[in-house]
């Protein structure tokens, strides 16, 4: 396993820049997820680490060795693709053996390692089948096997679960995590699914438009996002953002409603700019019987069984509130809502950067 | 997306094909251009530069204009017939009926028969004395004496058109059928829900959808018809009285019968340019039409 | 109309049935005519081939009074027809080999790798297939004479390549494009160079494309006439189309023999068509509809 470093790595295709001045440091044996929407550059980053693309600028290092000019084979990386890319004309055994054959390993060794990998991944009965005869989960295991059989220094996965249905995804997710605990290879995982990122990773690197916005453990990213963009990327339902103003002793919501600032947060009055953006997650809002921050009309109620999402609408803003399933409100009613001051986030209106600590 | 690595050397992959093309296509074409500017008589080892005089001669050559007219007429009639018939047959083959694959194969038959064989087939059918066409028409009382299909000036060109249409219609059927099979079933269902008749469905849904397929068919078939040689040469040799002489046949006769290589080359170049212009024009049309539908 | 609803219901249904039956009838009649149009000339040729010479001079009778294989016999004994068939087969097979050998790597590179000047090259190669053959036959003739290849198989193979190589590249590029890009990436990660990826991974996957390209090339080379007419002189390299076109006949055409020769030549192709028609169809339309 190796430590992977990207230093000032940039890549452009023609006129478009896919990634710009990336700096990333993946520790040995770490499970790092690159999280972002489509087009953010996460697959490109993965291809750059793998050696499938050459960077237009910058360097890539494995354990202090500059591998920027090396081919994927020379770097000894392994990749699992979104489509698995199993060789359709080869059997499972031949798929597993292929990378070893290309490395000119003796046939007897190849057979032994294929058997060993098949046992590890519990696909022994499938060895003589062709990929089209396998289920999605089985294909994934073969793809993992083909990647791991080379004992790579770095293990790269490109959205391997996105083609699965929900239940299978959860099961395979757990298998992946368990595999990583066993094998302990440096693993870089790419996904757009924030739940996967939260559950699987040691650290998450949030990407947007070719840049890494923040790289930190999941809980830090969730509780202390570096910017509004990062905050909006994690959390379901997404974080509520309000344009707010500081006014003498209170915070002004859009539409004029003033919410007095408690003593614990007196620093807000002095340190925040006049206008800023307030972020509050649905689980940190609550519907109160009376006298919360303000009143709003209940627009919409979603009962999810384990919880209820209530969409509140006031004249100048809307909020999504997460409450327990037992809390019953009807659309059309007016309700008081309140927030938890200790979990509020403040962002700069212009740059979106998080303010205060 | 195309990928590149340092040890790929993609040029090596393409080199053999490019090399071959340069030798067998580009070089001869350039040579033809060069030949057209010379008087070349290999038999007598004569060769001298004459500039554009061949082209001037060509412009004033009535036989050239005749062959151009023949070719244009042949192309127009042939392509229209092929596309119309091809459309009809494709619609038929699109229906569901038993042994569809086999029948489709049988309909493809004429296309696979060597052109020369097809020409001979039709020559036999057209035979003024022993041909089955005259026999059938006589039996049916439609004519009183056998017609000389290949020997009479107006008849000959049309006889050649029929033979050509017979041979190439399957190609049109194939392309249009492929286009038909891409029509999404949902469109037809929506039309049915909206209460459209079969005729309306055909006119408003099927036909517009087929524009690209028909367009491509017209493009390919037009280029092929402009270049036609085999079927006409074997059927009529260019006669009677040069009424079926196409551009290609005239060029061939110049180069290999009267051995006027230089003049023949000039005609070949003109033919090439005509085809190039028509090809570009049709492609432009096709793009415009595809963009609007 | 104040008919009871039951009869109204039945007459509506009857209309539908009539319309359905009418449509089916139309389709059947249409198919019958189409098949008749397409097959009649071929069948007539076969019938002619089987007619004794006496029957040929007059029509009716339409069918042979006494079917005979005399014409077939004459075709193979009077002229070295077997040799000519052999020439055609050899030229067709060798042309196919040349096209596949040169065309496959080129198509792979165009589809999956970055070739400098790619678009121009591809357009140029395809443009060649739109040449009128007549534009190059004269120069090719001089070139072949200069290389002393006149009256050899290689003259024809070279000439046929002009048109079959672009066709091969076109078909194969389409097939290669359809293979997912990730397969090439997986092969690279597993240690393949581009060449190894082509050999170990891509070739087995595009086998249908190779077959289609091979079939199309074979048929083109087999049927090719103009180049064969120009470049062959003796039976050493003469191919079937030339033989059929120039069938020797001094005073009258030996129509029986011509029919027999035509039948012999068409037969393998006919079988090929019926057996492999799906391949041809998919190959031709894949290139055309996408391109």
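Read from first to last, the chains carry the letters A, B and C; within each, the first residue is number 1.
In this text, contacts are C-beta pairs under 8 Å (C-beta built on N, C-alpha and C of every residue); 3 or more make two chains touch, one makes a residue touch a chain.
Keep in mind it's a predicted model, so treat the numbers as computed, not measured.
*Asks:* When you draw the chains as points and link the ones that touch, which shape shows up: line, ring, star, complete, or other?
*Replies:* Shape = complete; every chain linked to every other.
*Asks:* Can you identify the chain nearest the overall CA centroid, using each chain's own CA centroid?
*Replies:* Minimum centroid-to-centroid distance belongs to C.
*Asks:* Of all the other chains, whose mean CA position lies farthest from chain A?
*Replies:* So the chain farthest away from chain A turns out to be B.
*Asks:* Is the C-beta contact count larger for A-B or for B-C?
*Replies:* Between the chain pairs A-B and B-C, B-C carries more contacts.
*Asks:* I'd like to verify one number: the distance from the centre of chain A to the centre of chain C, where each centre is the average of its C-alpha atoms, in whole angstrom.
*Replies:* For chain A versus chain C, the centre distance works out to 55 Å.
*Asks:* From the mean C-alpha coordinate of chain A to that of chain B, what's the distance rounded to whole Å?
*Replies:* Distance between chain centres, rounded to whole Å: 58 Å.
*Asks:* What is the distance in Å between the mean C-alpha positions of chain B and chain C?
*Replies:* Measuring from centre to centre gives 15 Å for this pair.
*Asks:* Got the chain C residues that touch at least 2 other chains?
*Replies:* In chain C, 185, 188 touch at least two other chains.
*Asks:* What residues in chain B touch two or more of the other chains?
*Replies:* In chain B, residues 3, 5, 7 touch at least two other chains, as defined above.
*Asks:* For chain A, write out the residues touching at least two other chains, lowest number first.
*Replies:* Only 52, 71 qualify.
*Asks:* Enumerate the contact residues on chain B facing chain A in the complex.
*Replies:* Residue positions touching the partner: 3, 5-7.
*Asks:* Looking at the complex, which residues from chain A come into contact with chain B?
*Replies:* 52-54, 69, 71
*Asks:* Considering only the defined contacts, which chain B positions touch chain C in the complex?
*Replies:* 1-5, 7-14, 16-18, 20-21, 23-29, 31-32, 35, 42, 88-89, 92-93, 95, 97, 101-110, 112-122, 124-125, 127, 129-132, 135, 139, 166, 169-171, 174-175, 177-179, 182, 212-213, 216, 220, 223, 226-227, 229-230, 233-234, 247-248, 251-252, 255-256, 261, 264-265, 268-269, 271-272, 275-276, 279
*Asks:* Name, in rising order, each residue of chain C that touches chain B in their complex.
*Replies:* By the definition above, chain C touches chain B via 27-28, 30-31, 34-35, 37-39, 41-42, 44-45, 48, 56-60, 62, 98, 101-103, 105-106, 108-116, 121, 124-125, 128, 130-143, 158-159, 161-162, 165-166, 169, 181, 184-185, 188, 193-195, 198, 219, 222-223, 225-226, 230, 240-242, 244-245, 247, 255, 258-259, 262, 265-266, 269-270, 272-274, 277-278, 280-281, 284-285, 288-289.
*Asks:* Contact residues on chain A for chain C in the complex?
*Replies:* 47, 50-52, 71-73, 77-79, 81-83, 85-89, 98-99, 102-103, 146, 150
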